[in-house]
Amino acid sequence: MATATKKKLVQWDPTDVKEELLKKYPPKVARKRAKQILINEALENETPEIQANVRTIPGIITMRGCTYAGCKGVIMGPTRDIVNLVHGPIGCSFYAWLTRRNQTNAGPDGENYMTYCFSTDMQDSDIIFGGEKKLEKAIQEAYDLFHPKSIAVFATCPVGLIGDDIHTVTRNMKEKLGDCNVYAFSCEGYKGVSQSAGHHIANNQVFRHIVGENDEVKPGKFKINLLGEYNIGGDGFEIDRILKKCGITNIATFSGNSTYDQFASAHTADLNAVMCHRSINYVADMLETKYGIPWIKVNFIGANSTAKSLRKIAEYFGDKKLIATVEKVIAEEMPEVEEVSKDVRARTTGKTVMMFVGASRAHHYQGLFNEMGMQTISAGYEFAHRDDYEGRQVIPNLKVDADSRNIEEIEVEADETRYKPRKSAKQIAALEEAGFKFKDYEGIIPDMDNDTLVIDDLNQYEAEKLVELMKPDLFCAGIKEKFSIQKLGVPMKQLHSYDSGGPYAGFKGAINFYKEIDRLVNSRVWSYMKAPWQKNPQLSASYNWE
Amino acid sequence: MLLRHTPEKITERSALTINPAKTCQPIGAMYAALGIHGCLPHSHGSQGCCAYHRSTLTRHYKEPISAATSSFTEGASVFGGQANMMQAINNIFTVYNPDIIAAHTTCLSETIGDDLKQIKKKAEKEGKIPEGKEFISASTPSYVGSHVTGFSNMVKSMAEMAEPTGHKNGMVNIIPGWVEPSDMEELKRITNLVGVKHILFPDTSGVLNGPLSGEYKMFPEGGTTIKELKSTGDSIGTLALGEWCSADAARYLDTKCKVPCSILDMPFGLMATDRFIDALRTVAGTVVPEELAFERGQLVDMISDMHQYLYNKKVALVGDPDQLIAMTEFLVSIDMLPIHIVTGTPGKKFEKRIKEITKDLPYEVNVKAKGDMFLLHQWIKNEPVDLLIGNTYCKYIARDEDLPYVRWGFPILDRQGHQYFPTVGYKGGLRLLEKILGVLLDRKDRDDPEEQFELVL
Amino acid sequence: MLLRHTPEKITERSALTINPAKTCQPIGAMYAALGIHGCLPHSHGSQGCCAYHRSTLTRHYKEPISAATSSFTEGASVFGGQANMMQAINNIFTVYNPDIIAAHTTCLSETIGDDLKQIKKKAEKEGKIPEGKEFISASTPSYVGSHVTGFSNMVKSMAEMAEPTGHKNGMVNIIPGWVEPSDMEELKRITNLVGVKHILFPDTSGVLNGPLSGEYKMFPEGGTTIKELKSTGDSIGTLALGEWCSADAARYLDTKCKVPCSILDMPFGLMATDRFIDALRTVAGTVVPEELAFERGQLVDMISDMHQYLYNKKVALVGDPDQLIAMTEFLVSIDMLPIHIVTGTPGKKFEKRIKEITKDLPYEVNVKAKGDMFLLHQWIKNEPVDLLIGNTYCKYIARDEDLPYVRWGFPILDRQGHQYFPTVGYKGGLRLLEKILGVLLDRKDRDDPEEQFELVL
Amino acid sequence: MATATKKKLVQWDPTDVKEELLKKYPPKVARKRAKQILINEALENETPEIQANVRTIPGIITMRGCTYAGCKGVIMGPTRDIVNLVHGPIGCSFYAWLTRRNQTNAGPDGENYMTYCFSTDMQDSDIIFGGEKKLEKAIQEAYDLFHPKSIAVFATCPVGLIGDDIHTVTRNMKEKLGDCNVYAFSCEGYKGVSQSAGHHIANNQVFRHIVGENDEVKPGKFKINLLGEYNIGGDGFEIDRILKKCGITNIATFSGNSTYDQFASAHTADLNAVMCHRSINYVADMLETKYGIPWIKVNFIGANSTAKSLRKIAEYFGDKKLIATVEKVIAEEMPEVEEVSKDVRARTTGKTVMMFVGASRAHHYQGLFNEMGMQTISAGYEFAHRDDYEGRQVIPNLKVDADSRNIEEIEVEADETRYKPRKSAKQIAALEEAGFKFKDYEGIIPDMDNDTLVIDDLNQYEAEKLVELMKPDLFCAGIKEKFSIQKLGVPMKQLHSYDSGGPYAGFKGAINFYKEIDRLVNSRVWSYMKAPWQKNPQLSASYNWE
């Protein structure tokens, strides 16, 4: 296939680029953005500091969404058997209806409400006189129609402002209905500075209202929870396939392809494997404090990371047979992966990519691109905190600002009856001795090359400038960014929804991704930008008859 | 089944909406604003609204949708969003330099009572709005009406830009309503053919169906210019297409600028197009060219040629009031049977109008305003249809019930063409017929027993 | 199965044609003749030929097709058809009064050696051809070439009407080849946009896509006029679209009238349209307007937006050489894999050209001229495809093999649209993409397991 | 539904109309056509004479097809298990490929070649050097691919002219192949004056090469053949359904939904029921002469005609039980028929129709239209002979012209072994005594009203004039005529192929037809001919704002 030939700046100095990005801003904006744009450098045993998780600047076209989106859309969206009822005007529920590509498999006749959109469709009268009665009635109508095991209520902006007490309403309805767990999320869109606050609110309530509800012990020798995996494009299916093949039991995924019962049983697992550090690391902490389940950071994006993560889990359980099985599985899966990567590398090596997504993928996918010989020349997160950039060591000295202050932190302590350390202090020490890292995450910065640009909360204007100046072969972000980038003749891959592709996690996912990126960066279409009469406008003096 | 929990038995719901057939006002205001040349729409609320609207419009058009937001924080929600708006205005003009900002409110800013007109005054006073730049706003509370209402409100704000000079400009204002860029293009083509000088607003053609050429223009060539909008008050009259989408703006120009108006149906199908063209030539005193009579004849020809496949086929429809009214009339006019019709937008007028149009059908017709797709699906389970027409969300019903299905309306997230090929006018009617026949005949080719499989249809 | 006797195993056939991918010359001559204004085509043979051609064209266009015949009897077949022809000429001018009769031969009249040119002389001598009326003829033996050859031969006869005056007329001759009326309309629109004065012949637009208005015109408004045809010898040059359909006429004007020509591919798809437009502006020294660049950009945009659904999809194609060459190039250009390509029309050149276009495909490509649809079906059984493109007869293969299928080519007997919506040019490319994507995505929506069913595509 | 309001001539005098039709013709043409246009009148025991089965006039746009079309297309086309191989250039075979809508039911895995198109695709070399070798090879290739029980070869125009001896080739191949009956039809398109000659050639060869090939006696008490029924749109299926219900066994249909074996066994039936008199009455005669099977004319078009025909068949067999069953079946079927006809009559009564098709439908369908209260104001045939107009009594004095002379007549005599009169002379006499009519057909003319126009071989020009002058509510002919008529705003129903409808025969067919005609004549579309600005072009002085 013909590759579009793009003129690369022979050499670009990152400081020039940064200057370019800031030049046009009003001083106040420029000062703020300067702290969020980092030119990476390797420092002696410390990581350069970046400003993150701060307010979006009004009027600056941002990639970010709101707290409701993070709570209802991201965290609770993928759970199939909970009726997610949005309390508010119709829009918020409509926009979160089936738009995130998190897949679920309810089987031929299992419960699945993900294809449905539930709303109280608040009208002006509700705003004026309050919406609690309507909410109560809506819960009753949902219950009468579907008899679900659980109904979750989500607040949108006006709810908080008019003071509907959704938690009381849901508590009462839970009592009234008896066999249905009803609870609410105060995830009004104006809270926090990004989706991140919504993740937090969602996870807190899941922990508070669902986790621990079912003590029944599930079968399985090596039981883990997978935290921060949302089964976009079937990622979770592929990871579950691999875990199963290794003999590892996944008790609960938070929250891809999940069910109410998985959450309820999460406390019976023996290890928490954290995929997306940002959206859920605090849940891992709480599960450890309350139930004694240790957690480790894993990454199933990229064949090598997948292998590494499997080995890490096996090492944790320290079971010879498990370790052997894991090695066997890796040995089985890798050949096809390597065959395909070898094939595509011929066409992808040396190509450059930029990534600005979420708060883990911009990091995780760098490994996958490396496997294709592609280099990440700039990256950043949409809603991360400093620890996602610099590593967890900065957590203690993160200052809590006005916006974070109101996002509830749950204080948990060991459960009287159910706290049970999965590893003794001695075992833990031994493992750490051997270099095994618990609750450890170093962030994106250390993994990136010197002089690459790390940019937090990149906006539309900066994205366009970056592409113009650095001419990457591929740009990764979300749907809002996709087409303005492609208008510039640069292929754009969505790493939130994966466009139409996936799975990209695990071994088969890696293969899918190699092929998809090969398709994108080598598509003939990028060579069609100009018409012949635009390429050579001057007319041949005489007619060119055959 | 994708919608496996939808029961055939219909129970009354007064508080719970399931699978809505509408969304909220602001997205309509944003879409309308994109029909002004050099305009940056602005959402005055928390940033999620803006993100959602941009995403939905982007998925529908596969085009970049630029819009800014006031990014409310909790503080702003308590103390008011004026500061955010002021900051936004400054940043927008500095960084993106649009000709105009078209701001709309949200449930959030409406609930706390922000007044954009007053904020604009303050901005002007403080010189935040550069010389020659414009700022307009519409009040679009999400808890009133629907996306259609928001569209109408922003169009009305455009009309409010009118600056009558007292000298008629010889133009006819045409307010197309919420139709596709391709439809607006076609309306201009038809109007030009009838020889009527006009100002069409809003006009998203050239904005949301743009080329891929290696350049990115945040503000493409298309759109109604500010100059045109200001001159609508001097026009000889206004043709407003669609009571829900366009009437308010037209009536405003009538009352405030003495520009007489006529409210027509959207020109989908034969009759509505006939009336639109007849109105054009009547108000402008021009003669309709043979070319249009020819296109009309082509549509009539195709109706007659394919009538046997359309006749007495039952149809379920869901969408927005103005579009459904015209489409229902079209279906009746080709001897089809629209029997289930739902819009999520409120308005008893709608049900009344549909009942008029369908009064001669040998069938009981179900129609509901402020209904939802859950109800439509239940109606279909109770009385099956041969064809389903609606937006992309209908695909779940179509697959479960194995129905021939034509995508038409907003949003269409899974097919291409709507942004390039019009469905208004006679040519649009041909396209609608082609699509309807396509799915009906595909079904016939799929299901006919082998001995009845037909070569010629 | 509809074609239940077609075996997967391919055996060589040298005498038996099964399910042809072509028909005979005369129907091509008849179709071309309908592209002359005021023309009555005439079939010089037994009346069955004429009846068959009229029926097939009628089923394809759902329009009246008027043509006369010499109605050979056994006697005429023995003693020659001159008497019949003379009688026919007299009756035709008396009863139907066309401006011109365009007669073609058949296997019958060719076998017995009737010479229409000589018969015309006789008719002229005997004053059977009224003042100001024309009579042209083409030799179209059914046992040579195919319907495409017949089309080309009649178009050449049109070129032979050229009466050079020695003064250039500033026109460019455009020979569109066998495309739909809608395509000819679109070619004129494009050429006008580039600002090139032109004579397009033949031109069936306005003839075979007519209106229903209560009147019947045997000779509609459309078609290339005799005056235009006579003046083609004074044109500054000729652009012939399609080696098979249009080159002979162009070369005739070149040799006989010193009108230089350039033979291009039919402008289906991006590249071929690029070349056509570039040739237009080059030969006429004009500038291509932004409007066309915009349409081009829209096509490129849609290719990029939907590339993931097109990429590496295998396609089987059957049709006529000029169309298949352009379509194959288009499919390759959008990263699809045309792997089985059949035309019934003879010509090794065809296979050579297709092999050039597909040389970089990571796939063995089957291509055959003078092949048939029985062979195509066998190829598909041996190497299945994701998409089938061809005329209506493909529907039997599509149903048996459960293939996504786009109707394109001649004849299309079971769907509407081809006569109204062009597939040439950039807009035509958008339509082709819409149709291809439509069937591919419909299949995806049909077959995706429920957990992978997609809202947004 | 709204009916298009058409202005009818208050009164039209048929002589004026006839004059109008002829006015424009050259004298020679006018003279000839005058004899083919008859103003119907009731005469004392004789029928007015019309000229028919004469040459089409060159240059006058006719509805007629050729001999090949009548032979390959009409008669042999509907037979599913014979490989119909066309010897000639590709066109003739292509145009006869699946275009006639005669349905067949081969079951899930029966032989069915009707979806295929077989041709020798003659090239110029074959024309010059002769095509016999190629034909031979083609037969062999067809045999090797499909091993059919029979291969039929059809000659197109050039074959006769270049003198290919197809009969010798097929005879040899039949011998060579052994288990495959191969024979040929000399049906060159230039023979005769219309399809009619082709019917004759086809039927002769079927009689000569197939009928009588299988003496095995099929089960069944009341065995008939149905002659001249081609299963267009499934007519034959409906007739078979009714016959079966009555306990009547249909041995062979000539040739709708037929198989080789049906033809081969036709001589074992006990009665021949003739639908289309024109295309096949001579076969009925031959079957009687050679095997002793009497024939009667039947008509299954129209519910009343169907009932009449069933009673006639029952009367022939004279079996009480059969007669009772037939009455029972009629009693069962008629209520629904009458209900529907009653419903549509409200919208169709008084409407007028014109019909110009075939050589039986223009007659048969008048009854069906009468059942809807519609009147036939003009009708005629495309390829009939005088006896189809005036009745069989004219046959003896039909003069054989140059064109008919070459259409072979087979001389048959009683079969030595298999001739067996189904009824004794005495039984026949008794039946006739009781008014039962054998081999009787009175033609179309006696069934039509006075002053209606009977027109043979109507052409495009006359059709248009007729519609302009007489403004019928419906016009029936073929595909070539359909759209020029509809352009005039008059609905047009194909009665060759039924457009896309059918079956129209029998009881269910009648119901289908009532509904279809109701749809056609009452479609809203006929009221859309003019745009509002065409209906009232003058502009209102002032703008009409609301």
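By letter and in written order, the chains are A, B, C and D; residue numbering begins at 1 in each of them.
Following the convention adopted for this analysis, a residue touches a chain if its C-beta (ideal position, glycine included) is under 8 Å from a C-beta of that chain, and two chains touch if they have at least 3 such contacts.
This one's a predicted model, so the numbers in the text were calculated from it and none came from an experiment.
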Chains in simultaneous contact with chain A and chain B
C
Please tell me whether C-D or B-D has the greater number of C-beta pairs in contact.
C-D
Expressed in whole Å, how far the mean CA point of chain A lies from that of chain D is 72
From the mean C-alpha coordinate of chain C to that of chain D, what's the distance rounded to whole Å?
34
Length of the line joining the C-alpha centres of chain A and chain C, rounded to whole Å
54
Residue list for chain D, restricted to those that touch at least two other chains:
98-99, 483, 486, 525, 528-529
Expected list for chain C, residues touching two or more other chains, is 2, 59, 62, 210, 212-213, 293, 296, 300, 304-305, 393, 396, 454-457
Tell me the shape of the graph of touching chains, choosing from line, ring, star, complete and other.
other
Please name which positions on chain B make contact with chain A in the complex.
2-5, 7, 11, 13-20, 22-27, 42, 45-49, 51-56, 58-59, 62-77, 84-85, 87-92, 94-96, 106-108, 111-112, 141-144, 146, 210, 212-218, 344, 374, 393, 396
Touching residues of chain C toward chain A in the complex: what are they?
236-237, 260-263, 270, 274-275, 277-279, 281-283, 285, 288, 293, 296, 300, 303-305, 307-309, 311-312, 333-335, 360, 451-452, 454-457
Chain A residues touching chain C in their complex are 1, 97-99, 101, 103-106, 234, 483, 486, 491, 497, 499-501, 516, 519-520, 523-526, 528-529, 531-534, 539-540, 543-546
What does chain C use to touch chain B in their complex?
1-2, 59, 62, 206, 209-213, 293-298, 300-302, 304-306, 392-393, 395-396, 399, 413-417, 420-421, 427, 430-431, 433-434, 437-438, 441, 445-446, 450, 453-457
Which of the residues in chain A end up touching chain B in this complex?
24-26, 29, 55-69, 85, 88-99, 109, 111-113, 115-124, 126-127, 134-138, 140-142, 144-146, 156-158, 160-162, 188-193, 402-403, 406, 460-461, 464, 478-480, 482-489, 525, 528-530
